[in-house]
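Order of writing sets the labels: A, B, C and D. Residues in every chain begin at 1.
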Amino acid sequence: MSKFTVGIINVTGYAGVELARILRNHPEGRIAWVTGRGAAGQKLDQVFPHLLGMDLPIVPEPPDRADIVFSALPHKASAEALLPLLREQIKVIDISADFRLKDAGDYPLWYNFKHPGPEWLGKAVYGLPEMYRRKIAAAQLVANPGCYPTSAILALAPAIKEGLIEEDIIIDSKSGVSGAGRTLALNGHYSEANENLSAYALDGHRHLPEITQELQLLKPGLALSVTFLPHLIPMTRGILSSCYARLSRRIPVNEKSKQVILKLYQDFYKDEPFTRVVASPAQTKHTSGSNFCLIHPTVDLRTGRLIVISCLDNLVKGAAGQAIQNMNLMLGLPETTALEALAMYP
Amino acid sequence: MSKFTVGIINVTGYAGVELARILRNHPEGRIAWVTGRGAAGQKLDQVFPHLLGMDLPIVPEPPDRADIVFSALPHKASAEALLPLLREQIKVIDISADFRLKDAGDYPLWYNFKHPGPEWLGKAVYGLPEMYRRKIAAAQLVANPGCYPTSAILALAPAIKEGLIEEDIIIDSKSGVSGAGRTLALNGHYSEANENLSAYALDGHRHLPEITQELQLLKPGLALSVTFLPHLIPMTRGILSSCYARLSRRIPVNEKSKQVILKLYQDFYKDEPFTRVVASPAQTKHTSGSNFCLIHPTVDLRTGRLIVISCLDNLVKGAAGQAIQNMNLMLGLPETTALEALAMYP
Amino acid sequence: MSKFTVGIINVTGYAGVELARILRNHPEGRIAWVTGRGAAGQKLDQVFPHLLGMDLPIVPEPPDRADIVFSALPHKASAEALLPLLREQIKVIDISADFRLKDAGDYPLWYNFKHPGPEWLGKAVYGLPEMYRRKIAAAQLVANPGCYPTSAILALAPAIKEGLIEEDIIIDSKSGVSGAGRTLALNGHYSEANENLSAYALDGHRHLPEITQELQLLKPGLALSVTFLPHLIPMTRGILSSCYARLSRRIPVNEKSKQVILKLYQDFYKDEPFTRVVASPAQTKHTSGSNFCLIHPTVDLRTGRLIVISCLDNLVKGAAGQAIQNMNLMLGLPETTALEALAMYP
Amino acid sequence: MSKFTVGIINVTGYAGVELARILRNHPEGRIAWVTGRGAAGQKLDQVFPHLLGMDLPIVPEPPDRADIVFSALPHKASAEALLPLLREQIKVIDISADFRLKDAGDYPLWYNFKHPGPEWLGKAVYGLPEMYRRKIAAAQLVANPGCYPTSAILALAPAIKEGLIEEDIIIDSKSGVSGAGRTLALNGHYSEANENLSAYALDGHRHLPEITQELQLLKPGLALSVTFLPHLIPMTRGILSSCYARLSRRIPVNEKSKQVILKLYQDFYKDEPFTRVVASPAQTKHTSGSNFCLIHPTVDLRTGRLIVISCLDNLVKGAAGQAIQNMNLMLGLPETTALEALAMYP
């Protein structure tokens, strides 16, 4: 017996369809409707044959209320579609970036649009349960984090909050191609992306202000200087972020440093259901299809630098899975409901 | 509350570890022990970090009884390990080929060993629920089908049983590299298999006698002449079999033939939980991680040939998933228990 | 000192850019101009950074005559662009399908357009040097074969011409994704094509009439019944065709059959510079980047069926390389000029 | 008419076989012999079918002198095999690490063996033509650089030599799987490496002392603090290194910085045949199969950090191609001989 209804706006992108896949096995919720423009009129399992038996019609616009609504629209369109629902006091989880940044002035700068509902930016809760669990549980509007920011913030939060590192931070992130979405583009064309490797957004990626905002909030006194560089990797799913920062002078660098740091990270996340600190370097395949973020901190003893490797599935913990984790919190359900799947290997 | 215990012999190959992954979320069963030679002494999630939190120790030999035992050993070793358990009347599902062939004389020919327990060949039930559901439910020993045979038999069974085709059959199968297992070999080395495509076993693959035996049993009067050629595809999971046979003369070849054949296939499998006949050509990605076999039959109107495309995940419906489907049947549980996951896409 | 000038119409597709790459090291020819619509105004190495130092401007239309002109336009557009040049008696190699079929009536049927210059279909020579070397050398207009047809015809020609097989032929072909070109499409989107495998064009692929026409010409008395089914493989380059046909009754099936057939194939192609009969199954990686077609014939002794595996690089022997081989013949140069590169492995 | 003879020791690894492939089209040299242990007795094109027509027998030991000898043996074995040849005054290019480090004490530390010929470490010339062209031309023994060091040193040399950056340097390198060689290992097993991404050697990779040694030599006064972290990428060929360092205070950070740095890099390499500074971020596919190293320097204006991206093919400029470039220099031939091939794309 389902206890609540769910609506998905723009089910036809990779985040949307992943929401549908995971929610299908949620014991408490029922997908009441799904929207999608190009595919409107078709059934879900016609457009996405892997969703066998999910024969919900795709409709152009939300036909109805629902207890909770996810938006997987692109930025700008998402805010526009959600504002009416927000005013009706419907609970909303926005997978786009439209409510992640606190400063409305960042939207014209990074996303090329003037925010249509800046009054909601203060009310939105950044949907990273590891940082804001209680606020999420009480929120009407959750801004689901970006995939890169999830991997970067979880990797660096213990170090920043505990004052382990200096302010110079380099985040070298690598992502599978599904991160670029289902919209056709030359750099996502198989023959271009396969057997190829590239850095992109060298002038500044849109996830940078989000990463900086959240890291800075963890230690307001520290003047962070963050370089974030994303890379496109020839695989479908997965993000690995390699983070580098010099240890603060008060941390002695010696044989024991690695264990000290590892222990500190383990303590930091010891009660987290989905963020795990591991003793050997994580690999993206260890998280493929699961909602886990795996973190491995270590120390480069020659230079006194902290290195943190974090891995996650960009479509699960980096998007749909984390959104459902947030939904569970918002509805007072066990946080791990419908998210029990382990990673698929090999 | 788990109601029964499971043992897994040789958990360290891809079929074994996939059994562990799926069984972890089985509501009724509990893995009591897992064996593995090279990795004995380590914990399951040390060797396989994606099995987060499964800290069962890997032991060298079965330490105990269990309500049901899976063997994921290679052929020959599997029969040797299972015979003692069989004599103790333990329920057994063998993922190797050791109890699939009815004729003991086939083992020296195709697998290079004399079968150590030929008396069990008659008692073993071939674990294809679509064909032998009732017998499986009553069996002590189930021989879990090979990955290629599952795809080929399910693709051709309706046509053969309904007398749609002549005796000349060509099965051109394509498999991802995980089908070759976790044992190191040059043709499974990344730099050799990636961006490469090859046919292999042109002199006869070990799955041929299994395919022929089972197809022939469906229509004893037909003298089948089967060519089966497997190909290695640069992807991890998935099998697609393209099957070709001339329509028997009594089937008229005209514009309606495709619909007639499609309808006939749909009727044949209409009550199956995991074998689905689809109206457009299936793709392996539609089954990745799920226990489904998708089948698309059509007719080449120019030549009067039946073409059937079947897709499945070689490690799920082609191995561990089907084994658990058999376990559910043998224990009187709902057949789909723990197998509800949809395919992971993209 | 270059002795002749070359023009390339539509350099911006994969066949066009491969022509440019290979011709750059041709000792006798010089690329005089290249055309391309979307990229007009840019330089070749701006659009294709791997063509380092080739700073030829891309122009919208042929600016000039050239001693020989390649067209890598899509079908229909190619015929339209080439007819004026043909009338000026310029030597032309058309990589599209527009002059491959002898029967003008096939164009509306298979390519959805009425041929604008049917009088040229009889004059065009099918550019498969192994079959038509002398005619190519004397031709003004060469219709460069399709990638699938090259692999299929070379695989089956000896068997058909020598009367080894019966008329029922199945060609199960597998191609890398670059065969679908550089134009964006969902089935060529990385996240859709990667880790996926599918059959397509089950109702009849455009290369079927080309294959049938050429095979039939080899043995006019035989009423061929050809099924051709292409598959999309998650790799960039390469085609492997698996061809099946029953041996004609006059060929005895016994232990010696494989050697007899192998010898016969080797003799058939013994003087060919680029088509090689090999004693073990060819793999696509053995031809990646080279102009070779590798062929391995064998016999399924259980069923008396001939199996032939052929491999080639769809963009070299399947397109640009074969076009340059034809150019060399048309200009009286050594056939292998600029085509000496071995395959890149691994 | 070949003018000199070449011997290849251990032709059967990926560097060795790539040497054979490239040298086959060298107009001045002739491969006189090739050695290989496991494959001894077979012909080159039997073991490597892509080397069609290269039917040189593989012998267990060098049978003869040659004008120049390449060793593609693993470290330690290489030094042992080469010392006798060196004493006979044969010209040698060692692709292993055995003569790259100046300090004999580094070998036990990083490679676990005591160097058997430390007197040669001072005589060996580090085979990076961009740095040591003249010395290479006069050398008897050239130590061919590692793949990672080639990418890192070429990326950073202009910045260090011109004093653009401070001493803290982070090199985040990503390599295709062929860098790990042809020897079987679990992390190079297709099903493990495919769709996976990992960092490795977090405790210090063997290429670190080589990178530090060479960078330090460029600016003896600067006390470099280098962190180098390699990552394994699911593709066969290619290395991309992302290098980060803070600009020294004397370099103003403003809108013009990017152009200033780009120009400076372009000037630095302006006469190099194979190292090219490009104005947009290089991708590995732009170098696949070619001997080019492409470098893109830019500035992160928010933090004042220099970012340099460098790309190359690990088996060509990162191994066999650079070795042949060195050979050309040592023999007084044009440096680009046999290395004219452009990258293969797509």
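Everything that follows uses one rule, which is that contacts are C-beta pairs under 8 Å (C-beta built on N, C-alpha and C of every residue); 3 or more make two chains touch, one makes a residue touch a chain.
What you are looking at is a predicted structure, and each value in this text was computed from that prediction instead of being measured.
Of all chains, the one whose CA centroid is most distant from that of chain B is D.
The chain pair A-B and the chain pair B-C differ in C-beta contact count, and the higher one is B-C. A separation of 46 Å divides the Cα centre of chain A from that of chain C.
Centre to centre, using the average C-alpha position, chain B and chain C are separated by 38 Å. Listed for chain A are residues 14, 178, 182, 191, 194-195, 234-237, 282-283, 285, 288, 346, each touching two or more other chains. Across the complex, chain D is touched by residues 168, 170, 172, 174, 176, 191-192, 194-200, 202-204, 225-227, 229, 231, 233-238, 240, 242, 244, 246, 281-285, 288, 298, 300, 302-303, 305, 307, 309, 311, 346 of chain A. Chain C contributes residues 14, 17, 21, 24-25, 48-52, 178, 182, 195, 236-237, 276, 278, 280, 282-283, 285-290, 292, 294, 340-346 to its touches with chain D in the complex. The residues of chain D lying in touch with chain B in their complex are 14, 177-178, 182, 184-186, 188-191, 193-195, 234-236.
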